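What follows is a group of structures, each given as structure tokens.
Look at the two complexes coming up: chain A is in both, with chain B in one and chain C in the other.
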Partner chain A sequence: MSTMNIENLRKSFGETEILRGIDLDVGDGEFVALVGPSGCGKSTLLRLIAGLEVATSGRLVIGGRDVTALPPKERDVAMVFQNYALYPHMTVRSNMGFSLKLRGAEKAEIERKVTEAADVLGLDTLLDRYPGQLSGGQRQRVATGRAIVRDPKLFLFDEPLSNLDAKLRVQMRTEIKALHQRLGNTMIYVTHDQIEAMTLADRIVVMHSGRIEQEGAPLDLYDRPANAFVGGFLGSPSMNFIKGHIRGGSVVTDDGSVLPGGEAVGGHEGRTVLWGARPESIVPATEGFSGMIEVVEPTGPDTQLLVRVAGQPLVVLLRSRTPATPGEKITMTVSPSEIHLFDADHGSRIEAKP
Partner chain B sequence: MEAQFKNPHALMLRYGLLSILAFIVVCPLAWLALASLRPQSEIFQPVSEFGWSTFFPSRLTFDNYRALWASDFPLAVKNSTFVAVTTVIFGIVVNALAGFAFAAFDFRGKNLLFLLVIASFMMPFEAIVLPLYVMIRAFGWANSYQALIVPEIANGMVIFLFRQFFASIPRDFYEAARVDGASWLYIFTRIAMPLSWPTIATSGLMLFLSQWDSFFWPVVAASNPDYAVVQVAIARNINFEQSDWGGLFASTNLAILLGTIPFLLVQRFYVRTLISGGIK
Partner chain C sequence: MMSSRWTPFLFLAPALAGLLIFRLVPIGVAVGGSLTGVSLMGDLRFVGAENFEYLLTDPQFWSSLKITLFFNVIINPLQLAVAFALAMLVFRPLPGLWLYRTLLVLPMAVSTGISAVLFGLFLDGNLGPLNGFLEWIGVGAQPFHRGQDQALYTLIGIATWKGAGYWMLFLLAGLYSIPSTVYEAATIDGASAWQRFRYVTLPLMRKPMAFVLVADTAINFLFFAPVYILTSGGPGGATSLLMFEAYRSAFTFSDIGRSLAISTILLGIILVIVVLEFRLLRSPEERA
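Now for the complex of A and B:
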């Protein structure tokens, strides 16, 4: 059983508290993606789980065993580093067999497991090379291979694909997904790349300055962000926000523009809110709110517009090659179910009162 | 830069100056080497009228070397070699461990301690000779190999070099190994040390040369002829009444030649680390 439970975990470096009370339960075989802006503490959390850093307070349980105070080697976790950390003076074979050799496994067993992992990752012809003689993608595979030969309770990945080019990243993403389906181990995966998080994870955990903002299935988070931060963080280009007051089922901005209120306005008359709509939720219409097109960016299949509405820039993503010219007026609307309202002060999601 | 290389006059000037410099550096050494091959009587004879014969002896002889072989100089070479090699072996282990601790661990008083290490190699040796001698005497080590070796093992400069190198190894290496279950000693011997051979070469050389060239401390700590080292043996050729110039030149020459052997062996690494400041 390889579950993981974190209870009120805190970590300070000197005076600054970096992790401010993390609670997280990860089920057996689950793939959890940790996302959040740079510096929010993702790596720190991962390093605490690995035992590379000691928690200031809180509890960490892996596979039912309290490991809060145990050194890394007694936790049975494997970690894939962003820079791979392959030992430059060892061949691929010795790199991959390193942990087994440390544990005193027999030569034949090491050889068998390394060959097995190399087969899975397509590294069989590279086993006698040194890391310096490999391409970025191959190094990444070796780093992954070094983790899987151990068959650990828990896999930790810290932005493993961020050093690869876009194309290779997509390919390796698919490989990691296949690997997870095949091995079925519990994995925790830190990434900056939302698409990576959305496609790989069973569950996404969004962090922000040392706290968990929201966790849940990728599409749930996308469709129902618990606060403006999560709404703005997930999705690219990110969600548009415009401040206004709820008045008569609509959101009225300071300069008097009227935006559709959506499903959540009920019972909140007069409240100051952040009106949120994803760029792809906004569609041209004959009736609705209007704005001035400022920039037109065709991206191939889509067209991205920058429209000024109520004095604020609004990004609109059109799923077609709509002809549009800067300086033109455009009328748009958003389907009520795709409008998000957040409290203007603390950013939490507003739902309709019955 | 480019233009400078293309201009033939600048190039000529450059190589002209370099040649003069090289000549100035090599000249006394060449004179020393050739003088050691002269018969005793002829050594200073041609110096006053500077010319061809200032450098080139009329007759080559190995008499000076033969005499040296019969003296206690071979014992001094043996002593020096033993002392220097032992210092290198222990010195690398001890100083690398210390450097590793400074690079990899956080502990209380680390910065102060490191400052002391740096101060230790800024301090002139003469300043600590007396207290050191008192200590060695108290240990009962006067006139022994320990007296010559032990004080030279820990070396602030070498600790500094190792610390710089180990700190330049990405922490990820250490951490990956720790997650994989390695102890710190294992990480030190299997990951940190194998990566640091340029620093090992440099440090080994520094330790070797400092022992090979040491004179003052051996005179103080081990005056017994049984423990005479090379520099001490060379100095014995000089005294107030009359100096054995032939023996002096021959022994100096040998000391230089033997001292360059380790340098030639590891020269490739040595140059590289000094240039790159110990990184990779």
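Now for the complex of A and C:
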């Protein structure tokens, strides 16, 4: 059993409220990613789960046991830190075996578990090195290994890949995913990188200003963001937003441009909305709305265009090497199911009224 | 851009010149001088190892050497321990922390000579407030620096009062250089406060501790002013540290050769001990 339940968890530092009531249930063996921009409270939430910070109010249950008031030691969680936090004066072997040593485990047992974890992570030849003699990727592996050796109820990852270069980050991402599939432990993973969250997690929790904006399976969140914030946060390049009014099944901008209304317009005639479309949802067409190409960025497989529509910049990602020239006019359309409408005031998603 | 392999030395030159003029040349003169003696006619002559041979048979020298070693065996670990304890106390946030830190560092600002004079008054048998207090609580007056059994410990106490805050600063800087996440990792790994100190703080403080111990040793082997001001090596030679013995040889008995021989031996002892201390406090990584 290693579920986790959070009920109305709040945390303030002095007058500043960092977490404004978090409710979250994590199932046994689930991989949950907490994402959000910096300052959204995701790291604070992780530190509360670890016991490094004490909640101002609310309840935290790990494996059916209320641990809200318990110190980290009694929570049976392991954490991988952004800067790895390896013990610089200990060898890789001692780093990984430290928690077992503190628990008073037999030397032979420590050695066996450390060797096992080292095998999994390919650290077997590095066991006698010191952290200062390792590369960034190797340190990251040792930090992960230190967590594995514990076989904890919960694995906590605090932006574990953000100190690595881009190439290594992708490689370690795959390793962490493989590790989860192999170990099957419950993992909670904090990141500001939405690609990392999308690729790794069974479930994504998007946070903003100390609240959970939306949670769900990565592709569900991507396809049906609950509000403009989630829509804009997930996806790269991010979703385009244009303000307008719903008129006769279309969205009309202030300067009179007409954008396709999509499936959600029904029953909202006259409402002011944010029209949202992902860059890859927008395709060239013979009929539709038009704009002026301003910038053309070929990336190899794709071509990214910056198009001015209704006086606003619109990013269009074409999945082909489309010849395009700045200054040209382009006509585009979006499939009705891929158009997102959000309330212009509070940003929440609009669905068609029956 | 003019640059050659001499450029770095050019930049180092002022410091090297200072080192040469104020340190290395005097050491050379002292070592050379230790091989000379003054004849009855008053002229300087080369006597080889005579000064050293004489010292080895001199009970006064052996007694001084013993006192000096004993003094250092006590005072160096003591000052390190006190400085470390103080650093731990003022490391974590605490109301009024700036006040505690200021008070602890303040003795640094008092010159050694003045602090010795002040302690002389403070510990005085008739006028001293401390003895007044001790009598009031029923312990009775203590001789302190005037007592053969207490004089050396009194000097150790005064030196520690003056030095601990200074050495604390280095250790405090060392404590701040340990990343807080390392402590957090240890906490999550299940370490208690004592275990975090034992397995994280202590080993990671090796380098600053080595520096403090070595620098402190060098200074305490040369401990002089309070001896001169408060005890003059007494009572009964109980505080006759080698530095004072060297001073007395030179300026009371005008035996410059003996004085310089003592200084040279002192230099040798300091070098040996400093090397030993550095080895003792090497990190396992450096030993590997």
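Keep this in mind: the second predicted complex is superposed on the first by the 354 of 354 C-alpha atoms of A that agree within 3 Å, B and C clash if a C-alpha of one lies under 4 Å from a C-alpha of the other, contacts with A are read in each partner's own complex, and residues count from 1 in each chain.
Quick note on the criterion: a contact is a pair of C-beta atoms (placed from the backbone, for glycine too) under 8 Å apart; a residue touches a chain by one contact, two chains touch by 3 or more.
Because the structure is predicted, anything quoted here is derived from the model rather than measured.
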When chain B and chain C are modelled together on chain A, clash or fit: clash
First (chain B), second (chain C), both or neither touched by A:R308: neither
Which of chain B and chain C A:R319 touches, first, second, both or neither: neither
Contacts of A:G132 with chain B and chain C, given as first, second, both or neither: second
Chain B versus chain C as contact partner of A:R65, first or second or both or neither: neither
First (chain B), second (chain C), both or neither touched by A:R182: neither
Partner chain in contact with A:K107 - chain B first, chain C second, else both or neither: neither
Shared chain A surface residues [contacts with chain B and with chain C]: 50-52, 71-73, 77-79, 81-83, 85, 87-89, 98-99, 102-103, 146, 150
Touching residues (chain side chain C, partner chain A) in the complex: 179, 181-182, 184-192, 195, 199-200, 203-204, 206, 283-285, 288
List of chain A residues in touch with chain C within their complex: 50-52, 71-73, 77-79, 81-83, 85-89, 98-99, 102-103, 130, 132, 146, 150
Residues of chain A touching chain B in the complex: 47, 50-52, 71-73, 77-79, 81-85, 87-89, 98-99, 102-103, 146, 150
Chain A partner contacts - residues on chain B that touch it in the complex: 170, 172-173, 175-183, 186, 191, 194-195
